[in-house]
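The first chain written gets the first letter, and so on, giving A, B, C and D; residue counts start at 1 in each chain.
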């Protein structure tokens, strides 16, 4: 099966439509599918619901899709780094469904794993639990959270082989595997495509079965908060 | 004399048991890492890492290596990386011994509010709701009062909750309080701070 | 002349679409791997492997490398290993295009029984229930009748079910039948086998 | 924290008690915790409930614990290779709770992940679904399965560092990670213990947080069904 495409636009060809649900990998600006986001901006598709832990910053990552008003609704756990997001949300132009971070990750994994819903203590007794079914197991109360079944997943890995087996690097893994799992179709961008056999089969983070289309490209990999320490004089 | 931020962090570090896995929140809790000393503590970062190391040297930042506060960090020999679903599996599953978190309000029954001021601050809860629901011991580090001098330890929280009955211990600039049957119990005062001062600046029921 | 085991496997291999991921059950389904030909098919083994290769050469068996039937196998360049929870996540999650399984009984509504004969055979369902619940296309390969010559394609299954309404296509030694609205439809007969012979040996409603 | 112990008996010291629930890794005889099973046999603890995909063979793996009648109940998906098991079960001496294989793996992971229950289509309409809550999501019916919270997990990995980070080899991974996750305490046996830093932090299969005690030992690694092909003459 041919999975490797020449560009982000080609890889997304035929997959985008207005009002669809897209799951996106990344945490902050780390491990985000930069190239695919840019191509979705260029496509002009609109009314999107995007399940992503964060919403980028004003001029990078998902912030670009917010700037162009292509997003109708975000499903996120933390959106504090994006002023335009806040403006649109407070003015009522953008819907926001807050999900606790672990619930969001688990909902994505559940969708990908054929789990329609699961019971978690997270959010019980808070406004996150409002309107959700509560069930007691043992002494504790749990709320029912549903799996996310996305029309499209856009994710970023470090390296993939042509069959889609891939590996991530350090904390850039984050939401990428669960986002990939929950997409009916998953498009992945990587820094390097290699031949089958070049990745250790014991060390694949996400098997190729989850990856339908694949592109290689250059990534800016912007750092959101540079924090350093000084080298002590020896 | 009330504790400053670093002294609060130093006091909070005493809560960590040798040989455990711990999650530190953003703000003062991050400073706790500076006071772990000889204890064998493994720091979890909920974006997918166990064994978080210190900030990198200038010029050695790696965009693929950040903590949950999105700051550049480093790894240690014992580091392991994993995805977000796995990260919260261990949090929700009770594998983390302690979380040290900031707070806006804590109620006398252990309710915690630290993620939202309706109409004003809507950044989101991040991983805080999962942490308080799953971690065995939740220690809050916070100023005892707000900028107007009003109590933040309340009979009931006024802000949207992060979790109900989840806080075990509170470390403020004035002292240390435990959530116990019936209210809060003062277990320690900062130097030159009296129990009476803590009582005066606390709305929650003090049981001792 | 009815098909033999290898011919049934060869016919079943035609069901597999190029470029897909497939799970093969134990018994005749295992033989399907011999007839894949030039198609780009990736075999999943539910004990934790994508890209299952052939049996090893004598002396090259690896105790850490077996298939779901517990037979020693080999890996391919495209192989990836994973744990059982991840393996069934992809099965349950609908990522496997087709499963080819054996059966004891199939009912005209697609019910499948292939895991238990009460009081006699209690080996267990293994991964069969997950496969039929999650895989997009379920193809059953089985003898048309039991050893006593009695039909195995029934109006209703008599044995405990593996899944309800899950079978899409049945390949027997006599031919190929689809589960459709109202019953089974004969889509192909083995050489020299007539539709009438299939009807005579089938209890299930034949709609054509 | 000291995780490395000198022997299986030492590693299990203080952890065993009658009538406890033990989750065990392994698939067939592949990747089973051989040494820990032997030590449990030697301990004489009884009335055990064991969650394990299979039950070993008559003289190896969990079959040894069945032979000594230390097991009261098995939670398994397939027990077809063990004649003594079948005898005890058919005579009513042994309880058996069949779990579909994927349900068993997911129940273990759920227990380890603080998920009290989840909805799966697997087993709906079969006797596995009897007595379980049914819920409809969309057009499909799902049954509620509960997380497994084991008192003890016994698992086997290939290599671990002294902090418990570990890697498995090929299909010997199988049920070991989910079993490890669901144990209040997890004891692991490995073929080789290495120093922290010797394993690639991006390639850890199970982070050390899940591993409380660790031993290194010699493994028989018996093969259940040797299947081979002949080398073609060149």
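As a convention for this text, a contact is a pair of C-beta atoms (placed from the backbone, for glycine too) under 8 Å apart; a residue touches a chain by one contact, two chains touch by 3 or more.
Small disclaimer: the values here were computed from a predicted structure and weren't measured.
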Partner chains shared by chain A and chain D (touch criterion as defined above): B, C
Pair exhibiting more inter-chain C-beta contacts, C-D or B-D: C-D
Rounded Å distance between chain C and chain D, as computed from the means of their C-alpha atoms: 27
Between chain C and chain A, distance of the C-alpha-averaged centres to the nearest whole Å: 35
Distance between the centres, which are taken as Cα means, of chain C and chain B, whole angstrom: 54
Junction residues of chain C, two or more chains touched: 75, 81-82, 88-89, 91-92, 133-134
Overlap residues in chain A, where contacts from two or more other chains coincide: 106, 109, 113-115, 120-121, 168-170, 173, 201-202, 205
Which chain pairs touch, all of them: A-B, A-C, A-D, B-D, C-D
Parts of chain B lying in touch with chain D, wherever the complex brings them together: 18-21, 40, 42, 44, 50-51, 75-82, 86, 88-96, 133-134
Residues on chain B engaged by chain A in the complex (per definition of touch): 45-49, 54-67, 69-73, 75, 81-85, 87-89, 91-92, 111, 119, 122-130, 133-134, 160-165
Chain B-facing residues of chain D, complex: 1-2, 109, 111-115, 161, 163, 165, 181, 195-197, 201-202, 204, 207-210
Of all residues in chain D, those that touch chain C in their complex: 27-31, 53, 76-81, 86, 89-90, 96, 98, 100-106, 108-109, 120-128, 158, 168-178, 205, 221-231
Of chain D, residues touching chain A in the complex: 106, 110, 113-121, 135, 137-138, 140, 142, 146, 167-170, 173, 200-203, 205
